[in-house]
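Chains: A, B, C, D and E, in written order; residue numbering restarts at 1 for each.
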Amino acid sequence: MKYVAELKAKIREKLPELDVVIGWKQGFDPVHASPAFMTTPEEIEQLVVNPLCVQNLATYLPGLKGKKVGIVARECDTRSIGELLQESLIEREELTVFSVKCPGAVDLVKLRQQVGDLGRVRSISFDGPRVTVETPDESSSLDLGELLPGKCRVMAYDEPVLADFRFVDPDQDTVCREEADTDLVALEQMDLDERFAYWRGHLDRCIRCYACRNVCPMCVCQDQCIADTRDPHWLSAETDVRQKWMFQLIHAMHLAGRCTECGECERACPMDIPILTIRRKLNREIHELFGYTSGMDVDAVPPLLTFQPEEKSITEREW
Amino acid sequence: MNNPYLPEIAIVKEIIQETHNIKTFRLVFKDPDKMEQCVFEPGQVGQLSVFGTGESTFVINSPPTQKEYLQFSVMRAGEVTTKLHSLKVGDQIGVRAPLGNCFPYEAMKGKDIIIVGGGIGMAPLRTLLLYLLDNRQDYGEIKVIYGARSPEDLCFTYEFEQWRQKGADLVLTVDKEFPGWTERVGFVPAVLAEEAPAPMNRVAITCGPPIMIKFVLKGLKELDFADEQIITTLEKRMKCGIGLCGRCNIGTKYVCVDGPVFTQAELNELPAEL
Amino acid sequence: MKIGVFVCHCGSNIAGTVDVAGVAQAAKNFPEVAFATDLLYSCSEPGQEAIVQAVQEHDLDGVVVAACTPRMHEPTFRRAVERAGLNRYMFEMANIREHCSWVGKDKDANTRKASDLVLQAVEKLRFDRPLQAKSFDINKRVLVVGGGVAGIQAALDCADGGLEVVLLEKTSTIGGKMAKLDKTFPTVDCSSCILGPKMVDVSMHPNITLYAYAELESVEGYVGNFEVSVKKKATYVDWDKCTGCGLCMEKCPSKKAYDAFNEGIAPTRAINIPFPQAIPKRAVIDPTYCRQFIKGKCGVCAKVCPTEAIDYEMQDSFVQEKVGAVITATGYDLFDYRKYGEYGGGRYPDVITSMQYERLLNASGPTGGHIQRPSDGREPKKVVFIQCVGSRDKSVDRPYCSGFCCMYTAKQTILTKDHIPDSQSYVFYMDIRAPGKMYDEFTRRAMEEYGAQYIRGRVSQVYPYKDSLIVRGVDTLLGSQVEIEADLVVLAVGAEASRGASELAEKLRISYDAYGFYMESHPKLRPVETNTAGVYLAGACQGSKDIPASVGQGSAAAAKVLALFSKDQLESDPQVALVSQARCVGCGKCVQTCPFGAIQLAEDRAGNPKAEVIETVCQGCGLCTVTCPQSAIQLQHFTDNQILAEVNALCQQAMEESFES
Amino acid sequence: MVMGDLKFCPKEGLSRWVEELSREHTVLVPQQAGDAVEFLPFAEGSELSLDRQPTAPPKKSVFPQTETLMRFEYQKDPEHPDRQTLQIKETLPGKEKTVILGCRPCGARGFSVFDPVFGQGEYLDPYYQARREHTVFVSLACRHPENTCFCNWVGGGPADSAGSDVLMLPAGGGYVLRPVTDQGRQIVEVGGFEDASPEQQTEADRLAEEAAENLSPAPELEEVPDKLFELFENLDFWELMAAKCISCGACTYLCPTCYCFNISDEYSGLQGKRIRTWDNCMSNLFTHEASGHNPRPTKAQRLRNRVGHKFSYYPKLHEQVFACCGCGRCIKSCPMSVDIREIVLSAKEYADE
Amino acid sequence: MSAGNGRELRIVGFLCNWCSYGGADTAGVSRLGQPTDLRIIRLPCTGRMDPLFMFKALLSGADGVLVSGCHPRDCHYSEGNFYARRRLELAKRLLPTLGFDSGRFEYTWVSASEGKRWQQVVTAFTEQIHTLGPGPKFSH
């Protein structure tokens, strides 16, 4: 991105006032970017912004409470920041948001489906909507639009929820877009038995590593999660699919009205389980019931922490 | 093959309410042969199982010479200890014992002894003390400083007289004045400083709450005890008790098999992760 | 842990459709159950004794009684368990009567269900922990809201019992509806003669602080320690100076003010004292009629007032009071007689309400006790009374019986005859409800001695004819249509919840029924208590009732308060939320949702924010427990683990069965 | 190696062999499941997925995520319900043979880290041993090392045979099967394969060599155990290394050598079981004591222990062998791309200022 | 009064103490016959009803879950059922996505005086669950 130089200059300027600035840098191989915790000018030089910068860095913010933190954030990432602020999990004064216009994102699972094992990719380059990937065997030219993660196809973010500094290239378009939620639509076309079998099958793979939980910016409990306690004893330590399923429901219900659909849970899942779908379904229902979208308004109250004596959208079933 | 995870079934023979949150359990193996075969050394631990709740580690605090039962003192803190406290005489539980190392009682022969205990920390020391008293002739002076917050928080009060009769110089202390309390008043480290045992040919063994240990160690240093002369026991969260599950290590040492007894000199070799 | 299970026969109530001994036998195989038996009547003295004995004999740690609903006997058994030396929260009940034996016919199914319910209770009990009630000081002052006869009685009884009483009345005088009445049934004694002295007692009692023309603004706190804010509405007369001489009222040029006390049958002055015996006897300006307020000039009252008490600039003011208990005695309002268009109420001046008629009968009323038709002042000869106007009628959403209309109508027919000996009264009624002492005799007297003609049937229409009214109805006993030419039609309007009752209920956090009447704790056994500790009910605010019942309830509520205050300290229910400091992350979501403000954020030693429950304020609803994502705040006795244990107990078999293989 | 031991399995002969094996044994083969590749029991029609490194290693076949150690039951005498007796029943795994076919050499090598701990110390783990004894590993040598592969750092290689019973070496449109153990030899015999031709053998060796060459060169790690020990108290270093870690268990649960476990009881009514489940040293609760004390409260301290265990404590206790097989799963499965190689090298190159 | 073919299904009820538990008592006192499948768990308030209990029950093999509390505005704790309504409605709407018929879970309001209504609720819900049949199965 052309704005990266400008971004680096701004971070350099602000760094003396900040304890750390979180951004991305090149990771261990061509297709992986990695969070960068920048405290020195040299580290700022390593900063990159490209469609491989997939991590939502907002997830680190609650853990850095009390420190002056700068964060490089895409538009969708600022939604998580907005929600964190709304719940007073972080302090606005401690935060400096370097808002960057999203260059698009690559779903590595989709990339793998296209080019095979990512561990063999020698190089990857971006030229507008074209993505060129080189492996020892071949060179592929792909369309970035086809590689976008599902989360980029359900909501279009033109502007950040909040920003202290904004970086946009001239003529840069918004890459994410609002389309039908294909995963959910596909699921809802199945009959109930198939859906049950779908989840039973997928969740059976879960290894209970809790990457989905730990990467979630809205998981406030972290070390105190009820998935790990015996008082209360919601889950047993067993690894049968019930426990795994129940955990997903715990996570989803605790996120209801708070989930910012950043998709990190699904991205982090080493077993590639499509768990975002459950959260997305809840978000859709919350929108329908309460006209509410999380994270967009720092002053709003999450819908499950309030009520209306007359609920317009809830039809009381007469029994 | 011997399955080290498999507890023996034991029956609660007697329960002694020591303090408001400490109970002592006397356990007998269901299989009399096992009782017979159970050989352990002072300082070794056992894993007590309340099936359905889990297992927890406690020092066997009866002396090896006591063949009638195994004794454990349990302070109520977590899930297992709470469940243990709800046991009744006649209830059956699981026991895996003995595990871990023991106090170097052989190496202590011919030496003067200073035992410094606080609160529930007296439990592991009791087994050593009783062993020493049973072999009184092998050891020099045996001084015991035992303190607790209040007289109600002292364990084994019913045995103090016996310990004294058998030749222990028992110094009791509580944190502040209490009506009817005629023994010493003051924190354990302060009483240690007052007693000021000479370090020559002496071994110090201490066990108690971390804050007490910290100041007792400091006090012993000030009395010129060498690290090799100071012995303590460590506690860690343990599961398997046999060095496999991987959580109780400090660097290369596994508290469950390499401990719980360590000299200060040994601890100095370990990384600082207590 | 050792658990004892006691399965109650309840005579044949349970044993009739549940194999009680079989349930007890099954319970012996439940975890940690060390003793199980069946009892004929577990709540009886021998039954309770058997429980106490078994606890001691078998060294039990907890008790499950499978019997009736815990809403009935949980307190009974908790006391028994406590007598046996256990903590009273080491007890669970399995409801195998209301939820089982009484609703299922199949004995096998019922027995299985009863066993499940016992297992469920046992599994919950395994997670019960002894809970200790905390004691706290109480403020031995009581607030009585409403100065009608019920409130007056409650206030006087409390005051006589040595309590300081704050009495709140929204109008400018106490006395309520009773003060408006002429005579009272069934003795036909003068209402003001019997109420008047009580009103004076209130004004003279050293323990009673009266706020008239005042309303309850807000209530904070909890039983023993309520803090209330009282709004003293602006009267525009400084009551400390006003002597009630009445000069202002005499000279007031605004003579068309609405007279609420007289039910609007005659006008009053813009500045007025409602009636001569008013307590306090103080003037109030009605700014909607006062010329000083409407036109900005007049000032007559200010000029004539000998004590210079008039203050046109007066604003509402607020007083804070601390009390330990609240008695609500807010009474009732009358059904709007215009709602039955066919009766012509509000359209024809000679169709009036029973209360308006009362004021016509009353010697201190605007007509001096002479019955005069509102339209032309003529003395009516034929008076038709229509009963159940706004009672027992689903079509106007008043399906309940107001209970006192039959009686006051009978009284009014008697009084009519007394006032106008050549008059004839007709009463259209549905049924005569006269179950009180001397009540039925009274209605018979009205018919037999005073010749009131009772017609069983509804009136279909009232319409004007010449200078009188035709009342068309049906006599269902004769099966014929009836038409009566009446000079005056009196509608026996029913009672409905006092306007503003629901707002007050929400301030006090008490519940009210679909009609706005306050809900008592138990319809039979706790008729003056509410479900909010320290808030009691007296009089018609709980449901329509007559004077003796209201007075009785006033005394009952006072007795409850006196009993409550007989101790210097109260014990709080320990079934409250408890925060695990170690697990709380201080996110504050519980603080946000607690309906009682019972949770606050405090800091731990390390300066981390932690939720903290104010035990005496917590009501034990458990909302916070569900709100807290890490379940760090647990409602004691209803913890996650306890409910999960119940779920697991109930799903145990289902779970095994649902594995296909 | 006896020459006649080497057999050749043509590509199309593979599923027939697997089918044959699955008649007598449970055969776990990598199969596509969702977007992941998992070891699942071979059933008729199962498609082998051999092109990708399986998402999870075959660890759970020998060290299942949940192992029932024993069952217990409280038995009650209906006449005296207060007297209940406890029965404990040991639940050792059965003796049926399991074949893992198509794992990578690193996956099989992982168990060589388990063996000294679970099968050679003072206490032997009968569950592990039973499963280990009855499991046969047929490993597929790697042709194309990935960016995350570093088996050569820790003593392995694309055609490493440590821990394997049979090695499958791609060659000539099929596989040269090289039995490593007697168990392996028996397994290969089941296939009734022809001997591998010298050309096939040469090609297999050549491809293995090529693969090895494609790995980035292994650094010298000899001083790492001491270096890490020295760095123990340098919390700044560990905080820097752990900054991006989110304390999840993706790395440990997918690691072929991580063996930390938890033991807990689950019950229903009067019955229950004591289970052993994988545990994650990166979790705060791993060392959290009932008193509230935690010797490793921060992720930096936990990462220090994880890396320390693999590259310092374990080698110090077990003949300088690293507790790592270099499969790279912890790197590629890490949501935040934490790279253990980077940490080890940083420690190695760390110079006190 | 047994619904269906006589074989009971497992229905777990969560009732608030003040209204619906009382309503069920009232039904009992009035001897209003009901199917026997339901087992009731008493809660102080529907505000205590964590929707996760419902999921837990369904995943543990329950065939149906019924929650009942005070009518809105009548909550003993003023607001508990208002929060519950939002939580439970949302949870109910999630069920079909997971492969559970949303009819396996209902929440409703029954006051302490509505014994007749309670009878109708239990009867109708039990019939509904019998129509749906046993809940989805897990297999190993």
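Annotations
In the analysis below, a contact is a pair of C-beta atoms (placed from the backbone, for glycine too) under 8 Å apart; a residue touches a chain by one contact, two chains touch by 3 or more.
Owing to the predicted nature of the structure, the values given are computational and were not obtained by experimental measurement.
Seen from the Cα centre of subunit C, the chain whose own Cα centre is farthest off is D. Placing every chain at the mean of its C-alpha atoms, the farthest one from subunit E is found to be B.
Taking the mean of all protein Cα atoms as the centre, the chain whose own Cα mean lies nearest is E. Subunit A and subunit B, compared by their mean Cα positions, are separated by 51 Å. Once the centre of each chain is set as its mean CA position, subunit C and subunit D turn out to be 71 Å apart. Averaged C-alpha coordinates give centres for subunit A and subunit E that are 36 Å from one another.
Touching two or more other chains at once are residues 56, 60, 79, 83, 87, 138, 140 of subunit E. Counting partner chains per residue, subunit B shows two or more touched chains at residues 79.
Touching two or more other chains at once are residues 222, 230-231, 234, 240 of subunit A.
On the subunit B side of its complex with subunit C, the touching residues are 86, 88. Note for the complex: subunit C touches subunit D at residues 2, 25, 28-31, 33-36, 58, 582, 648, 652, 655. Subunit D contributes residues 74, 76, 78, 81-82, 268-270, 292 to its touches with subunit C in the complex.
For subunit D in complex with subunit B, the touching residues are 69-70, 72, 74, 82-86, 88, 90, 92, 117-118, 121-127, 129, 229, 232-233, 259-265, 267, 272, 274, 276, 279, 281, 286-291, 293, 295-296, 301, 305, 308-309, 312-313, 316-317.
Chain contact summary for the complex, subunit C toward subunit E: residues 69-72, 95, 97-100, 102-106, 109-110, 112-113, 116-117, 120, 506, 509, 511-512, 531, 575, 593, 595-596, 619-623, 625-627, 635, 638, 640, 643-644, 646-648, 650-651, 653-661.
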